[in-house]
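By letter and in written order, the chains are A, B, C, D and E; residue numbering begins at 1 in each of them.
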């Protein structure tokens, strides 16, 4: 009995040993015609931000597929998708997962600012290039001088500067601000307030709301009494939708301006006609205006993705392209890829020219205003709402009625 | 007396020793293979093996008893084996810092849950604000290190103590409410803390605290790879060993508290407050003491986290984390130190491995929670009655030695 | 706007919020009375009610049944109430009842787990479930003004409907035989069984009523805010439970009082306190804790002597 | 004579809402005696126990233990003064071992707490050893079988043994006054006799212990009590030796039954 | 045989780890008062619960009116014509007197029968009629006891079980209760009287059983019981 137990134990033990050896052997190395290189994508695939997350993932995957389809590419690329759930703690794990896989040469990561800011250390410590594709908090690039961290999209600073300047251009004088209390909303509120003061806009009130709030009638009732020209909302669509809806219901006819967080399809879908005339700002040029933009749109549709790419999909696409180009050029070596990416200057992409400054931040030449027209986000300059266009922004009408303009 | 019985049934001598170490080694290999395997094959194999083992041992009690007797008989060797194997983890996971990090995270959950267990398992006080108390520890450590540059050992200590202090905020509700009401109090507190932390300036608001100094003990920085001369381990090995050390210390402390008058008193309060009172137990004093003590553990884990990752923010301490902590305690087995460790392993490490089912993960988590609680409401390792054999043996031993010494002098 | 106008207008806002909290709180109160269980998944049935209505609306839309709006609204309400209640009864039989006798910790965790499972199931199985979903606008949108105060027809309808639902529930509970059985089980389950009450059926009916009322709140929520989301039930559950405790667990009218009080608390905290908007929940929860400590029986609850 | 009174009450009363549960009851208990407290269900016997142990605060009157008023003192303090009790429906912690249940009775005398538990194990070990010996001794008196089963959860014991353990728990406190609330419920006459003998043995062993016992079984009251107090509707209706009260017409009317 | 209304055959029940009843056999004759004596915790309440299907029966069976009711659900058993006046009254404290009585006739669908039964109860206890709108929890113990008995009568039962009707009542009220029980019995309802108070019970009952630690130790007619040593030593004094 004892002997048999030992024999079987021995067998099990050796089997396990062999198995684990096999697993470790499966690590780096391997051969083949084309070497496989992994690029990680990190973003929210579950939770409330999964919508834009999935759009980003699809766009990223599209870039990888295109590179693999290109006979000239030196390597076969493999996409590694990791969910960060838009939670910092999970994000750190995700970044670490990417970083600790030696085959991963670059990472295109994070939609949520909170997550992106929490992982920069991880990428820095592991010498892995991190190209941010969606998070807009300035500190992600400017908060440190980690050479591994890049960002293709713009920051809140740029977005809000342009936004405030535009408001003056439209002739608005007073603003009431509502923002969510997340880093995204609060950050936007802060940078907008700063820019607004610079250009001489009067801020009537600032109100924060928690991210799972549904009812804004209290805040809006207060705002109604203030009677502002514009209501500025810093936050994402899940809050923006009910906020806009209730604004309409309370018959507040001030202009409604949002940040990039509401520029997605669900905003228009959920609001229907109530979305008409809402403005939001997004870094980069509108897809349609760029040479590759339409091509991307078509390719995306051709690839058969059910979900739309959303606002930041093109950025994920470009980030992937940059990573692939760098790898093609210097080979699958993390350090070299980081150095190579740092030299990116004036590269033509579907989001416009990409130039990284010394912090790895893309100095986006352009911030575009969009307006919701007939259930679509249309660049303001191409819409009927443009200056001298056929339609008039609700805020302008409102001001005229009030005799403020 | 009890020990003699064990020895009779156990495999004896070298055979027993080898069996003990063999079992440990096989289990260890099976677990480590889960980490090293990129896919989920090992996990599936392990689950099948575990299920088979459970079925087999349920039918074959004799062998199970014999094996556990063998383990008991070779306790010292078994512990040495466990320690050696645990020390070897960073070597095995050298290629995968990610899994090392996950293991450390699970370790921190164990730490927090040891504390939560003192409240929930031992004393029966519901605490669904575990994450909020972790936030106290994390922010205390972070703010002290950032603003005053205090050394790590001090901030860790402060994190634990300040959390304990702040838990006194809740002392009236904890003493005056029970059951569902206490649950609601702690849930409300949890939400209040997170909202406040998010809205206050000096906590960094929603952007949290960045660049918290990583651990550094008297000049030894944990941020450098661990160089052992013959091999260089990932920097997380530093954290791993430190977690291990803390866990051992706290685990032993928790175990000792359990096996003492304090444990008996807590259990009596949990099972019947009235009976406790009429037997002279100052229920309020003990509830408060144990509530504070438990929160110190939780705070320490928070402080540790902030020094390991260097970044903390309000979402780190959301309600669902409190929920996970409570699930670990209940699923693992209330009032059972080993149960906590098993629970943390199952609820932290396995879901990480289940990432390949992405979308369905949380749904399955919910369903598993329900199924386990309905079929195994006392947890995987239900608590076992205290045994005083060890303490009594210890005293007898001391008496014996005293007599010998006397005898020696006389002669 | 004068201060008085502001107070009135904000009270209206608080009432709207409060009536929805009340409807959710009714369920907590009923379940606690009958099964002695706090069902933390109840908030998710509120969410489920909204989604069921959305699905039914989708069906109606494809079939072209959208002309007759009043009929459509009735169809949405009834359909969603039935479907939601059905799911509630099934889950209650599988998960809640088996643990109703277990320690409170277990039932708490099981219902929390059930909530997670429901929430995630909606997110995963509903097409693009993680996005906020727009809700059709079917209620009349006009408003009437009294001085500076604007009262929307929609508000009136929702408020009246909410109060009506609670009155009906109260009627069912106090005046019908079925309600008598529910009350009897709540007061002394075993004695009720001895009188010939079918316990299982009574529990089913309790869940039916609770979930149907939550579904009404979910649909009203959709109409009022124009959007529903898979995770809107989680917070609603906590608030609903808080409201039922403030009002007095086990008392249907207490649920109204508690819900409206909670709604007004939030509204006035946001409107009057400095930094109120972002911290209003802190304030509201603080009041809840005070209640739990100093008057755990709630406003309308009765004092109970503990037998030693 | 006066200093021989270990406990006396002065117009002890309590009402719940409108219900007067105990109405101006005066009881005197002599040191080292056994007092029987009898009366119909709901006549206030257990309520008096609850007041004497601090679980209920009397709404009127006062009570003195060893000459000191304990009115309004919390239960733990009263326990520490030396009043121990058992409960009508036994209140053992059924998940805990028999030993743990007895140990909690020694709670007020234990000295080694948190720091000893973690850092000074040998000091604790000595205390545990002594407690263990004492517990085993007590268990052995009531049922030698219990010594063997001392590490089993109390919930696994039969009802009668649970009662015994509960009495052991109370005795572990080395109380001066022991309140027994229907210790014989659910037992056969033989078992009751046995239990009473055990209780008497305990009483003889410790030099200073007074017992108040609530009982329905008259044979018990007859054999072991020195003095009996009869309650009805929260009022004391008679007192005296068992012989005296058993011939009291009012008592027979209210409790024993006039025909019996 | 046909005059046996309820019959228990070797019934064993388990609660938790303990056997509460062991091989209990018992017969209740139609039209008579059968009593069950036993001390606190002897298993009397469990026995009633077993009849009503409130505890699980692991062995043996129960026949009512010749039909097997073992394992049937409580509400179905009750519908067969068993009603109970539970220990400690267990009225519904937040309901009015009338509502409580209606609960007693929960399975009665005919409003006229309900009306008739209520009249009968009010005739039996005029006190209840005076207080018909009062919330039951606010009544005195004696009145609650009347209500509990009245509630039991509402379903026009074949068998009425009284679980310790003397509990916590003043002696006069106890005797009144027993008189009422005798009257109910004389009007044709079979009574199963479960009591601790042996003195009084044996005066009213025709036959009986003594339960101890879950087992029947003595059974037979009242005369047999009165002579039994067990009862003499433990339950009857002097």
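In this text, a residue touches a chain if its C-beta (ideal position, glycine included) is under 8 Å from a C-beta of that chain, and two chains touch if they have at least 3 such contacts.
Computed from a predicted structure; not experimentally measured.
Listed by label, the chains that touch subunit A and also subunit E are C. Using the average of C-alpha coordinates as each chain's centre, E ends up farthest from subunit B.
Contact tally for D-E versus A-C: the pair with more C-beta pairs in contact is A-C. The distance from the centre of subunit B to the centre of subunit C, with each centre set as the mean of the Cα atoms, comes to 38 Å. If each chain is reduced to the centroid of its CA atoms, subunit A and subunit D end up 72 Å from each other. Centres computed as Cα averages put subunit B at a distance of 54 Å from subunit E.
The residues of subunit B that reach two or more other chains are 195, 198-199, 274, 359, 362, listed in rising order. For subunit A, the set of residues touching two or more other chains reads 46, 181, 208, 210.
Taken together, the subunit A residues at the contact with subunit B in this complex read 2, 5-6, 9, 12-13, 16-17, 19-20, 23-24, 26-27, 45-46, 82-83, 87-89, 92-93, 96-97, 99-102, 114, 117-118, 121, 125-126, 137, 139, 143-144, 181-183, 185-187, 208, 210. Only residues 1, 6, 9-10, 13-14, 16-17, 123, 128, 130-135, 137, 141, 143, 150, 152, 154, 221, 225-227, 229, 231-232, 234-235, 266-267, 270-271, 275, 277-278, 280-281 of subunit C touch subunit A when the two sit together in their complex. Contact residues on subunit A toward subunit C in their complex (touch as defined above): 46-51, 181, 207-210, 212, 214-215, 217-219, 221-222, 224-225, 237-238, 241-242, 245-246, 249-251, 266, 269-272, 274, 307. On subunit C, the positions that touch subunit E within their shared complex are 177, 180-181, 183-184, 187-188, 190-199.
Residues 16-18, 39-42, 141, 166-171, 196-197, 199-200, 203, 212-213, 230, 233-234, 236-238 of subunit E are the ones touching subunit D in the complex.
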